[in-house]
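Encoded as structure tokens, here's the structure I'll be asking about.
The chains carry the letters A, B, C and D, assigned in the order they are written, with residues numbered from 1 in each.
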Amino acid sequence: MTIVLGDNQYGKAETRLVRVERHADHHSIVDLNVSTALAGDLAATHLTGDNSGVLPTDTQKNTVYAFARDGVGEIEDFALRLAKHFVETTPTIHRARVRIEQYGWDRLAHHSFVRGAGTRTTTATYDGTRHWVVSGVADLVVLNTTGSEFQGFHKDRYTTLPEATDRILATAVTARWRHAEAGGDWAESYTEAKRHLLEAFADTHSLSLQQTLHAMGERVLANRAELAEVRLTLPNKHHFLVDLQPFGLDNPGEVFFAADRPYGLIEGTVLRDDAPDAGLAWW
Amino acid sequence: MTIVLGDNQYGKAETRLVRVERHADHHSIVDLNVSTALAGDLAATHLTGDNSGVLPTDTQKNTVYAFARDGVGEIEDFALRLAKHFVETTPTIHRARVRIEQYGWDRLAHHSFVRGAGTRTTTATYDGTRHWVVSGVADLVVLNTTGSEFQGFHKDRYTTLPEATDRILATAVTARWRHAEAGGDWAESYTEAKRHLLEAFADTHSLSLQQTLHAMGERVLANRAELAEVRLTLPNKHHFLVDLQPFGLDNPGEVFFAADRPYGLIEGTVLRDDAPDAGLAWW
Amino acid sequence: MTIVLGDNQYGKAETRLVRVERHADHHSIVDLNVSTALAGDLAATHLTGDNSGVLPTDTQKNTVYAFARDGVGEIEDFALRLAKHFVETTPTIHRARVRIEQYGWDRLAHHSFVRGAGTRTTTATYDGTRHWVVSGVADLVVLNTTGSEFQGFHKDRYTTLPEATDRILATAVTARWRHAEAGGDWAESYTEAKRHLLEAFADTHSLSLQQTLHAMGERVLANRAELAEVRLTLPNKHHFLVDLQPFGLDNPGEVFFAADRPYGLIEGTVLRDDAPDAGLAWW
Amino acid sequence: MTIVLGDNQYGKAETRLVRVERHADHHSIVDLNVSTALAGDLAATHLTGDNSGVLPTDTQKNTVYAFARDGVGEIEDFALRLAKHFVETTPTIHRARVRIEQYGWDRLAHHSFVRGAGTRTTTATYDGTRHWVVSGVADLVVLNTTGSEFQGFHKDRYTTLPEATDRILATAVTARWRHAEAGGDWAESYTEAKRHLLEAFADTHSLSLQQTLHAMGERVLANRAELAEVRLTLPNKHHFLVDLQPFGLDNPGEVFFAADRPYGLIEGTVLRDDAPDAGLAWW
């Protein structure tokens, strides 16, 4: 028996980059949180502390800032540029992943902005041969006040939940979708995928949050040919109807307690059956 | 020398209430975080554990939900209803404060909503004779890419900061404003006060964040006669220009590092010199 | 009617300082979060952007680090040194407050440490004439499994809470105590005040959390002559007995759900009736 | 091309359970955060909203509380009991994972406790045939004031980091280790694995954080025959030496700024080359 080194990677997490574009009559901003992770021939540093193959995480951070000098553009392009750079210029590095969160800002005036809700995300990976890009959205909190049931479920000794014919359905969407190939119109792809997610959430009569999840993923794939696979994580943010009877009051679906914990957690993947590279790691 | 009981209060913090209004063709929602705090003749419970004068915090929570059955309306009215109820119906309670945070939701469809940015706040206090209301906004994150300087400051042995002729100015506004009297159009007052804050932030050429703070408060008071006093807390969210020279690159105000800590913290009050009740506690 | 500037202060919040003491055979560390806040003749910067009286917050941060060069010692002394420096060397500044949080570390080896629980705090204020020091503890989470009742409380239409003869009592203590005068043995004072708080929490048979609060404050003052006043904030972290009857099981005080929100919030002050300077602001 | 359902699971996340053991002369407590995740034949609920195969997440929560009635014991045993129950009693469920975080408490008195630092974790999985258990520790924050270098690293155009011959090494350890087989002394295994991690961190002269990571994992495996594999996630919590020269002061490794973001992130696995089931999913 020998003790050996297994999978490993390293990088710089959460480099906060704000990029200003200064046009004659107005400015625009890009507000990012960038994380890099590199893997390859890194046994030496683990086993003997020989760092000759280690590109410092500080250098990775510097590279993020330096590359931003030429403009960021869409986050998928920026992530790919960085991932390819690390693999192509560092002999020991065989795979790079760059993960970016982009925070939205709304324009107040020519040079003024107010932070909006929701976060756009991407992860681009390059292994020296192939590259693949996953885009997504996070912190997208949505709620339906009706059109949601949960009935006919399996019951055992520990089941006390009553059947629900009309409940509040609320969740904080984390969705990611894998592009079949890189190179399209990333901005349009994001805007439309997000729109389809929201529309499917709003107009699906839900018999379970799983059904809503599947409908959201299917809607995106049915409308966006450039996407191969959608993964969704949907916490079921429970809203409990408050019992007002002790106070002589009815409560016809109007007064709710919004609970923090515990919460249901529904996770699922929707994909094309002929999707290429379905087994690729997403991190 | 005797050890005595001093100021004290108690209540239920962070009661999460979601209220649905069910109209024929659409629903609307109100999403609140309600905290109550009561004070009065409460020495007995502290000194001997005699709770006969203590309205349980559980009852305070129940009251929030029961009162919501009749509709919430504007948060200022809801907070005042609750504050008066506690003082008028509980013999030992001489002062009640009710603090509410309201989270904004945008409509997706007739029965569907997506969570927006920013939080509306209020604190209403009633002491058996007077009531006073403070409204406000929190989590309002704003940024100017230009129009901000910081020069001519006091220098001592420990000063290394260079003079800035053009810097990013970014902050997360927490603003509260005291109403000269209750009873107006709370919704309009909030919308307009927030609008004036944002406009003053955007169009003030800033020589210091203190100057911007004052301009924001003054703008609100100059335009809203119903308000007597504005208090602002403005963290200076530093954006540092990244030095790209080691990489042979210039950086003409385009690539910034957004720092977390430490941050400047500017706090100030702007008020009318004839404001009534300027000494009232705001909590 | 004129719009005027009211109370204001500014400073650098959350300067993170780690100080290493390098002795021959071992090291020790001090891990601090330091916030400064200055007030004085600061109307010019607010009204006209004239910053000639403004000591930059960046300078305040530098001062924290520079002063640490000579050693930190007890946080109360370090806070006082800084507060006096800002008032005595900056003509416009008439009052300085320095607030420090100290995070505890336990020794693993001569040069190795592991972070412990709980936070020690202080706030020192100097106004050019007087100085006063408040010390305290935060994030001190404690729980009694028995010895806590809550009965005989005031009931109204909205009361559904049953009387409790034996409940879990759990809270996260935030306590602060004002020193009657500066200059004693800060470390011993802190250690002993914290010990008395914990002992009073553990050995008080509690008829209400208010009673426990008072007992904790009184215990500290009865044993520490150098302290004049104690303020406590105690969230009542509810632990609800789970109803296991639907599963044919009893639950004799053994299985609990620990709720997040809402929570009771009990705040109170215990002080000596002849305490000097009882009206001083604590921030 | 068809759109199909891929991997999916669902469960109840973050059920907060506090279990009291009431002995004659003292009590003990167990404080847990339990998450369950079930997978199996769940296509119906996703595709048609037929929930007949869905055990509600509410029932999963109830089961956690009901099973606690018989005592929790070691968290690994409790997680296994739950995982097996869900698979064995729910026809559609083919795999269950139960993840538990246990928060430590120190005894103050017979019935009184104070929350400590660090979190013990486990994840138990059962697929109807095999079960496997991963134990671990989280939130273990450690720091060495010396004995850490970082030199001889790869340099490119974007490298500005100077070589470090003596730096602070600080990290927040998240470690997980897979048991070769279930059924040993879980408590001893945890205590000893944690001790070996801490000792390896303290006594390894570090040439890179990767080397420290490997030393920590290797130390655990070398001493604990029951463990097959260790995975470590180590953020490099940078402590930057403050430049005090502008103030005429030297800084011989004593005054540091503790940065929040960005941070290095080192992830790695150390395992036995003959470890059984090395490919099992850990979640």
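Just so it is clear, a residue touches a chain if its C-beta (ideal position, glycine included) is under 8 Å from a C-beta of that chain, and two chains touch if they have at least 3 such contacts.
As the structure is a prediction and not an experimental result, all values here were calculated from the model.
On the document's contact criterion, could you list the chains that touch chain A and likewise touch chain B?
C, D
Starting at chain B, find the fewest moves between touching chains needed to arrive at chain C.
The distance in steps between these two chains is 1.
Between copies chain A and chain D, are the contact residues mostly the same numbers or mostly different, with half as the line?
same
What's the distance between the Cα centroids of chain C and chain D, rounded to whole Å?
31
Could you tell me the distance, in whole angstrom, between the mean C-alpha positions of chain A and chain C?
Centres of chain A and chain C (C-alpha means) sit 38 Å apart.
Could you work out how far the Cα centre of chain A sits from that of chain D, in whole Å?
A distance of 23 Å separates the two centres.
Tell me, which residues of chain C touch at least two other chains?
16, 62, 66, 158, 160, 246-247, 260-261
Which residues of chain C touch chain A in the complex?
Its residues touching chain A are 157-158, 160, 246-247, 260-261.
If you look only at chain A, which of its residues touch chain B in the complex?
16-22, 27, 29, 31, 62, 65-66, 68-69, 105, 108-109, 111-117, 140-147, 168, 198-199, 201-203, 239, 242, 244, 246-247, 249-260
Provide the residue numbers of chain A that touch chain D in the complex, in ascending order.
Touch list, chain A to chain D: 1-16, 35, 37, 42, 45-59, 61-63, 66, 89-92, 149-156, 158-161, 206-208, 210-211, 213-214, 217-218, 221-222, 229, 235-236, 261-274, 278.
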